[in-house]
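Going by the order they are written in, the chains are A, B, C and D; count residues from 1 in each one.
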Amino acid sequence: MARRSKIVADFDAAVQGIEDGSTIAFGGFALPGSPFNLIAALLRQGAKRLVCVGNTTGGPRKPRNPDIGMLVENGQVAKVICSFTAGSRASDVLPFTPYYERGEVDAETVPQGTLAERLRAAGAGIPAFYTPAGVGTEIAEGRETRVINGREYLLEYALPCDVALLRAYQADEAGNLRFRRAQRNFGPIMAMAAKLVIVEVEEPILPVGAIDPDDVHTPGILVHRLVHIPPAPAAIWPTLKETR
Amino acid sequence: MPWSRPEMAERLAREFQDGWIVNLGVGMPTLIADVDLGGKEIVFHAENGVIGFGPVAPEGQEDIHLVDASRRYITLPPGGAIVHHADSFALIRSGRIDVTVLGSYEAAANRDFANWKVKGAKGGVIGGAMDLAACAKNVFLMMEHRTRDGAPRLLAQCALPVTARGVVKLVITELGLFEPTGTAFRVRDLAPGVTMDELRAATAAPVTE
Amino acid sequence: MARRSKIVADFDAAVQGIEDGSTIAFGGFALPGSPFNLIAALLRQGAKRLVCVGNTTGGPRKPRNPDIGMLVENGQVAKVICSFTAGSRASDVLPFTPYYERGEVDAETVPQGTLAERLRAAGAGIPAFYTPAGVGTEIAEGRETRVINGREYLLEYALPCDVALLRAYQADEAGNLRFRRAQRNFGPIMAMAAKLVIVEVEEPILPVGAIDPDDVHTPGILVHRLVHIPPAPAAIWPTLKETR
Amino acid sequence: MPWSRPEMAERLAREFQDGWIVNLGVGMPTLIADVDLGGKEIVFHAENGVIGFGPVAPEGQEDIHLVDASRRYITLPPGGAIVHHADSFALIRSGRIDVTVLGSYEAAANRDFANWKVKGAKGGVIGGAMDLAACAKNVFLMMEHRTRDGAPRLLAQCALPVTARGVVKLVITELGLFEPTGTAFRVRDLAPGVTMDELRAATAAPVTE
């Protein structure tokens, strides 16, 4: 199988060609799995009118690492689709919030399990499915529901993405990925949902065959571009303190 | 004297049954992971796909790849497992979670609760709460009895947009442990020295013994 | 977490309490993953009116290993739900076939991807979903379809099971499972779909903690009973010849 | 002289493009895994979740856990990966398979085909064929031109229940390689010595050059 390497030279090469108007999935739940270096490159690359899909738009914490909120501040975002579109404490004001309140950026607030399942559905060729999450709430208002076996469910549609930006722990040159611990989160399902999958990798990229086929978390046929993350300060390696 | 937060965590954990799979929501509920559960076998599940996690990691021994739903650096004792986000919520939606303990802005006697949107906000903080609330076998709330301004958070009906309807089994606050009955909050336990009069004054719904 | 062992003494103990009328998922695709020893025990246990879910009812090959077809011959089966309900060559007559033709056993023939997805949906709390497989064919006749983004899809319902009988390669006492190579097939999704998950395990059962959390294929919270497969002739260990 | 099966496999494999992900159905199509593909990089996918498999294992070196869709004991060269059945069909339904090569009872000029149910049978052998046929980017059929009784299998319309409608791109038989156009089979290649007259006599649909 694939003998051609998927390794690209650097983060800027990795995000090359991402077009205006793309729907981009951003991996990560808190720090683990967040593609900080690829987001930094996307800020430089400058693609506009993006639809950004991720768990959050980024928190109010400082020092900040690159996040969807920075792309918003940089004028690159048309819409976000997240399970958090406000700060978790009422007193938190996200960098994203004023743009949303002024109507400069649109947002869709989605239950986290529905977000995950919509991504997985897109990657599984399932155009729509029913879920109990959100029934009877504001997010279900005006939407299609259906009673199945006596229970009410909400119809949800797949969320296909043009690009996924991910961070993994290990990869081989064929693109097979392994994530470490809670880093896995949205990685495998965003790789399924996207047409172009770009991954920053913590460990040096392994030769083909170094990962046992039973231990692959995301098969290489779903992965297109790999960049090994060089040591700080050339690349972003957040510390515990920066991410608490 | 009202319960402290660790006391609330300890009291609520006594309601867990041996063998339960327990999901702890963001904020106050995560304190429960540090409670001594005695002989009970409890498996803690975090929405980000960590199954069987343990207490917070000691300072200096944190694993940068291992956080729970509240971004706390946790531990993963032997027997734990990791799944991706879709599989984690598959466990939730398919009813594998015996109880989810969630923080909340409001709890209602009719068993609704509201924890995702504050007044006047355009955005929301749904996270995993709507999936958990709709699908866990039991929903327990761990919350403050009143707002900072002293307004009651235990109501006959929610004023804020609800997270799920008719699902709350138990509510613990600093004043006591309560069971919403549909029309009232039945007192299961009171913090030491808290009187029924005090409780009624702090609650905007009928309270029964 | 779980300190109580899930190991049971033998295959007969493992299938104890399976009730008449149960819906049972049988792992396996060809030999790998097929729970031959648990099926043999179920033949002895005798539960009746079973609904049997699996890829096939068992082939026409000899010597035979225990399969759904044997449960049919033993009078234990009301219905099968499989992607193969006939032999793959027109000349093959399955042991199951005469029972089906005489109307003594019912059958539902389901596209394999739909079968897999219906099991996964049951294990994911998704009551129904849309799929393109089978549209315009006999299996879609009289069924509900829906056009989404200009394409026609078939509505399919989740397939929840009471019991799953599986074969895995490794397990720890907490029930965490690993499958080897093509043995994985239906194992993880049947474990998700079933209320009672019973597994025959090839390697000696490992102590809790022997499987790295990143390498678990099926988390132990989904698994209830484990039996280590003793060496032949005490247990069934098919050879390559028997399964070609 | 009609093509042998290995010749059919070799000829059809020439239609694969560099970099394609190829799914091989049960039976005849699995012969393609043994074809020398020259410089082309092809990833073979089996419906049971084996990605990147290689030729059949040499006698005595079989891995009892490693089979393809046809129950053959295959090899898994470096770079391969295993997924479970739902993820395997996720790859299929989401359009990741560039071509599926399937065996068939009948192929029709209108691009339908029928490979899951024989005449008079109560049961069927759907396997993964309906998912593959509905979702692969290209559907190629590899089949016999006639039944054992000499009846044509290439028809204007299917007589048997179809597996999918309007999806077939190419059909290879021992007589040649054909492209169904909607109303006819256009000849892309003929086995050595096969004449158009012979071909027309063996085919129950219009044949064009």
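The working rule: contacts are C-beta pairs under 8 Å (C-beta built on N, C-alpha and C of every residue); 3 or more make two chains touch, one makes a residue touch a chain.
If you're wondering where the values come from, they're calculated on a predicted model, not measured in any experiment.
Rounded to whole angstrom units, the spacing between the C-alpha centres of subunit B and subunit D is 55.
The distance from the centre of subunit A to the centre of subunit B, each centre being the mean of the chain's C-alpha atoms, comes to 27 Å. Rounded to whole angstrom, the centroid-to-centroid distance between subunit B and subunit C, based on C-alpha atoms, equals 37 Å. In subunit D, the residues that reach two or more other chains under the touch definition are 76, 82-83, 86, 89, 92-93, 135. Shown for subunit C are the residues in touch with two or more other chains, namely 117, 120, 124-126, 131-132, 179-181, 184, 213-214, 217.
The touch graph of these protein chains has some other shape, matching none of line, ring, star or complete. Taken together, the chains touch in the following pairs: A-B, A-C, A-D, B-C, C-D. Contact residues on subunit C toward subunit B in their complex (touch as defined above): 1-4, 120, 122-126, 172, 174, 176, 192, 208-209, 213-214, 216, 219-222.
The touching residues of subunit D, when paired with subunit C in their complex, are 26-27, 46-50, 62-68, 71, 73, 76, 82-86, 88-89, 92-93, 117-118, 121-131, 134-135, 161-165.
Listed in rising order, the residues of subunit B touching subunit C in the complex are 19, 21, 41-45, 51-52, 76-83, 86-87, 89-96, 135. Of all residues in subunit A, those touching subunit C in their complex are 117, 121, 124-132, 146, 148-149, 151, 153, 157, 178-181, 184, 213-215, 217.
Interface residues of subunit C, counted against subunit D in their complex, comprise 29-32, 83-88, 90, 94, 96-97, 100-101, 107, 109-114, 116-117, 119-120, 131-139, 169, 179-189, 217, 238, 240, 243-244.
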